[in-house]
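These are the structures, in structure tokens.
Each of the next two complexes has chain A plus one other chain: chain B in the first, chain C in the second.
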Partner chain A sequence: MMASIRFHGRGGQGAVTASKLLAEVAYMSGYYSQSMPFFGAERRGAPVIAFTRISDEPLFETSQVYHPNIVVVLDPVILRAVDIFSGVKEGGTVIINTTKKPEDFEFEQDYLNIITVDATGVAIENDLLLAGLPVVNTPMLGPLIRAFELLNMPLKLELLERVVTRKFGKAGMKNVSAIKQAYERAEMKTIRGKRKRKRRKKEKITVEFPISFPSEGVAGKTKMWRDFRPEIDYEKCNDCLSCWLHCPESAIRVNDRVEIDYEYCKGCLVCSAICPKRAVKTGREVFA
Partner chain B sequence: MKISEMEREEYVLPGNTACHGCPSTICLRTVLKALKGRAILVIPACCTSVYMGPFPNSAIKVPVFNTAFASAAATASGIKASLEMQGDDTEVVVWAGDGGTYDIGLQALSGAAERGEDIIYICYNNEIYSNTGIQRSGATPFGAWTTTTWAGKTEHRKDVSEIMLAHGIPYVATASTGYLKDLYEKVKKAKEIKGFRYIEILAPCPPGWRFPMDKTVHMGKLAVESGMWILLESVNGRFRFTGVSRAIAEGKRKMRDLEEYLISQERFSHLSKKEIDEIRRYVQEKWSRLIKLEGEVDAAIAKFYV
Partner chain C sequence: MNVRILTGNESAAYSAMKSMVRVVAAYPITPATPVVETVAKLVESGEMQAKMIRVESEHSAMAACIGASTAGSRTFTATSSHGLAYMHEMLHWATNARTPVVMAVANRAIGPGWNIWADLSDALSQRDTGWIQLYCSGNQEIYDTIAMAYRLAEDRKVLLPAMVCYDGFVLSHTAMPVEITDFEGFLEEYNPKWRLDADNPFTHGNILPPEPFAELRHNIQKAHDRALKIMKKIEDEFYEFTKRETPLIIEEYRTEDADIVIVTMGAIASEAKIAVNSLREKKVKAGLLRIKSFRPFPEKDVKNYLEGKRVYVFDRAISPGSGGQLFREIRSALAFSDVKSVVPRVVGIGGIDVTKRTIEKAIFERKIWIKEVVA
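Coming up: the complex of A and B.
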């Protein structure tokens, strides 16, 4: 029996760490295991994928996982950018960090087990914060244990706790209590898929000379990367254009006055740091 | 020059995949504004070749040729030769990281400089291979942490701007992300000169140097003010300091303490007193060598023209 797991997160949330921790726990429970990140440009805030394979026989497959049994989604916002249900096997399990109910999700498969848990809430309650942002990767491992119970491949919660305490040292106890809480709070239901299946048409293969053309938003609307929101106080602003000159994202436009393009601003706050009049205020950005 | 007089057109489009607070996008915007978009970029493997996005889209509004790591200057020479035959005077600009300049691309760079190709070579130097995950490069300073130098690098950095000075090319300049107006003027000046022109920009990388993402510009300023990075310019062999570095060299301005620069980055957080003294010695030595060079050049020119 082989279980393959896919982790979805955003750069910096710890999807890769979670996949490593899971592989370690599985190894200690007596399984063969492997863990690998998706290789690409690893950037903060960008969608990140990581994979784990767990089996009771030696593993010879080393490719990335295309048809997972289990999918773990660390960030609810990622649902808008990535199709998390793609390739999930029939009867597989999808664990989502969200405040929604399992019934609220639609997918193409006939039946899937959906587990929802508010891991962000659990992290905040347990004071599990890193640089002001909630750490959701370890709490999400709690509900993952439940998914393995469904597969008849039990992993021990005690082993997970031991691995986490060893890895994080002092902060280990906070992580352990968060894992336990998330394990208990997880809500699981078997849901029937409602969305219609897309028929894939055969595409013609054409050979073109590869020329790219300039366009805005090659990485999509990068506002999703924003954790902090800059806001210009026009009463203080003296139109020195310093923020426009220094903006790394070209997201400040000069019309009659400087304006921030909130569709693309990544919230790096260079404008706020550079402003000589301190006219750029900053606040927390919340999308979901 | 006032900021309001600068080119308003954006040549690096929003929505690219660069990190928060990326110095490379800040500088590339300024460089392309200074060239008014009349340029063909040649980009070897570096962060820029990634953040400009996947086929069939590009986040850069000028023609870009993506080439192999080692061959940026050679590719640019070929493109320029072709343009010359067609009677086109578009500027060919190499935009390379420090990996593609200091280590892998050095022989092509030196060859093109020696042949006197009519191109602008710009190196944005973030002192690491940051695109592949923060490995050491020839530009990494002594004592800096990278993923391949866990206890701090044990060698000093080499200085390609001095190597290019030795080539005797018409224009060599260094700039910093902290002083964009200075960079803008230098690129404009380089545009007016014919021959091989080399500009190097210090680009403080927030994830690689481990400092908060909003401090990119601040760190570029601090590097110059503390003397760790020196702004200089050499036009047809006439070598001089520029901007803040000039004020420091002339004694009009006091250098800020080097420790202030080192402490503000986590990559230097493990340094001992001895290692900080070693960096201080290196910086002082570099300054005294360059100040001597400036004096000698002045004396030689004075003698020649009498």
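Coming up: the complex of A and C.
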């Protein structure tokens, strides 16, 4: 029996770490395991994926997972950009960090087990913060143990706790209590899929020369990558254009005054650091 | 048993430590960067007794390795793609100087068309530099192969540099359980035949007129021939020492009664094992031959295993104007043997995912074979 797990997260949230921790726990529980991140042009905030395979027979796979048994979604914002249900096996389990209920999700499969848990809330309650942001990767491992119970491949919660404490040292205890809380608070339901199956068309690409032309937002609308939101205080701004010059994404437009294009701003805050008048204020960005 | 969950890069770094490497000169490049990072961490913590030389380019990294090796230390470096291409001149130097440097290469495509993903074209374009090239298909194998490569490279009858190659990201960033064994007993501290010595001065790498130079090159060819025999000995000794069957030359999987044999290198070979099993469930008697040692090329073994079979060669690189490099090698090795046919396919270029379906589909597309094979 082989179980494959797909993690969805955003750069910096620790999807890769979570997949590696899970592989370690599985190995300690007596299974063969493998953790495989998919790397692209990842940066803080960009959607990322990672895979884990767990099996009672030796693993020879070196390809990505296309039909996972379990999907873990670390950030609800991902739902807008990526189809998290893509390829999930019938009767599989999808674990989502959200304040919504399991009934609120639609998918193409006949039925899936949906587990919802407010891992962000759990992280904040347990003071599990890194650089001011809630750490959601470890709490999400709690409900994951539940998904393995469904698969008849029990992983021990104690082993997970041991691996986490060894990995994080002092902060280990906070992580452990968050994992336990998330495990208990997780809400699970088996849901029938309602969405109609769509056939996806593959775009035909022709590349004869390695050239590309300037275009807006080749990576899509990158506002999703933003954890912080810059705001210009026009009382202080003297139109020196330093922010326009230094913005790495050209997301600052100059019309009658300088304006931030919030569709593409990734929240790197270079503008705030560079502003001689300190006219760019920063605050937390909340999408979900 | 000390088992840890390590990525391919980490296994390479740990193996260098356990192989008693004393000098590391490296310049980071994706996807080989974590090798350099891990080595730096191990040296910093005092766990690894080595000197880490920071250099300004890959060209200098290899030059520093050659220097350190001629001074009598066991040296290690790691690179990838453009870094390896940049080393090209020094790679020739390392061979002709007969310095047993071992290098980890995380295979990656070469730009432009900026691509950081798995593709064997970087290492295969260094095919003719005279380096021993070993292609791994798992993390435990990377760990084992580096130690075995030192044994091979430093053998007095070989004295050649060796590359230990593994697919970038596919292996370099995938974590798997790896058994960390000490190599003390299997490997000893490096004891060179000669070393640069200020008290006993001599010249190294001086001008060589045509005849002596031809002889130098001829000796390198002979060293490669001897290497194949020594590899077999090292395989046995390694098994005695660790009880792990790690091949150095070739790995065979269910070829004996096979009608169709898949031939490939690197991580694809691992996935191909699943394809072989799945094909056999579909009544196609398939087998797998993995070439681990691309240089020296084990021509005789290839002939032995592929005699009378249908051969499908999967290449993860292409030599434009000629086709897959491995295919050409296999084809020429089988030129005078009795094989049914040899068919090429280039897959996984620039990191395209190679799944068991890719391999199965390729075989089922060859309908003439399927008709002959499935009665």
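Here is the rule we go by: the second predicted complex is superposed on the first by the 273 of 288 C-alpha atoms of A that agree within 3 Å, B and C clash if a C-alpha of one lies under 4 Å from a C-alpha of the other, contacts with A are read in each partner's own complex, and residues count from 1 in each chain.
Throughout what follows, a contact is a pair of C-beta atoms (placed from the backbone, for glycine too) under 8 Å apart; a residue touches a chain by one contact, two chains touch by 3 or more.
Predicted, not measured: the structure shown is a model, and the values here were computed from it.
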Joint occupancy of chain A by chain B and chain C, clash or fit: clash
Quick one: is A:P214 in contact with chain B, with chain C, with both, or with neither? Answer first, second, both or neither. first
In the overlaid three-chain picture, which partner chain does A:L269 touch, first (chain B) or second (chain C), both, or neither? first
Would you check which partner chain A:S29 touches, where first means chain B only, second means chain C only, and both and neither mean what they say? neither
What is the contact status of A:D261 with respect to chain B (first) and chain C (second): first, second, both, or neither? first
Which of chain B and chain C A:S177 touches, first, second, both or neither: neither
Among the partners chain B and chain C, which is in contact with a greater number of residues of chain A? B
First, second, both or neither for A:T165, with chain B first and chain C second: neither
Have a look at where A:F60 lands relative to chain B and chain C in the superposition and call it first, second, both or neither. second
After fitting the two complexes on their shared chain A, where does chain B collide with chain C, if the options are 145-153, 181-189, 217-225 or 271-279? 145-153
Kindly list the residues of chain A that each of chain B and chain C touches, one partner per complex. 210
Any idea which chain A residues touch chain C in the complex? 20, 23-24, 27, 32-39, 59-64, 66, 207, 210
Taking the complex as given, what residues does chain A use to touch chain B? 41-46, 210-222, 225, 240-242, 244-251, 254, 261, 263-264, 266-270, 272-274
Name, in rising order, each residue of chain B that touches chain A in their complex. 3-4, 6, 8, 10, 12-23, 25-26, 29-30, 50-61, 64, 131, 133, 180, 207, 213-218
Touching residues on chain C, where the partner in the complex is chain A: 3, 5, 31, 111-114, 116-117, 137, 167, 169-171, 173-177, 267-268, 270-271, 273-274, 353-356
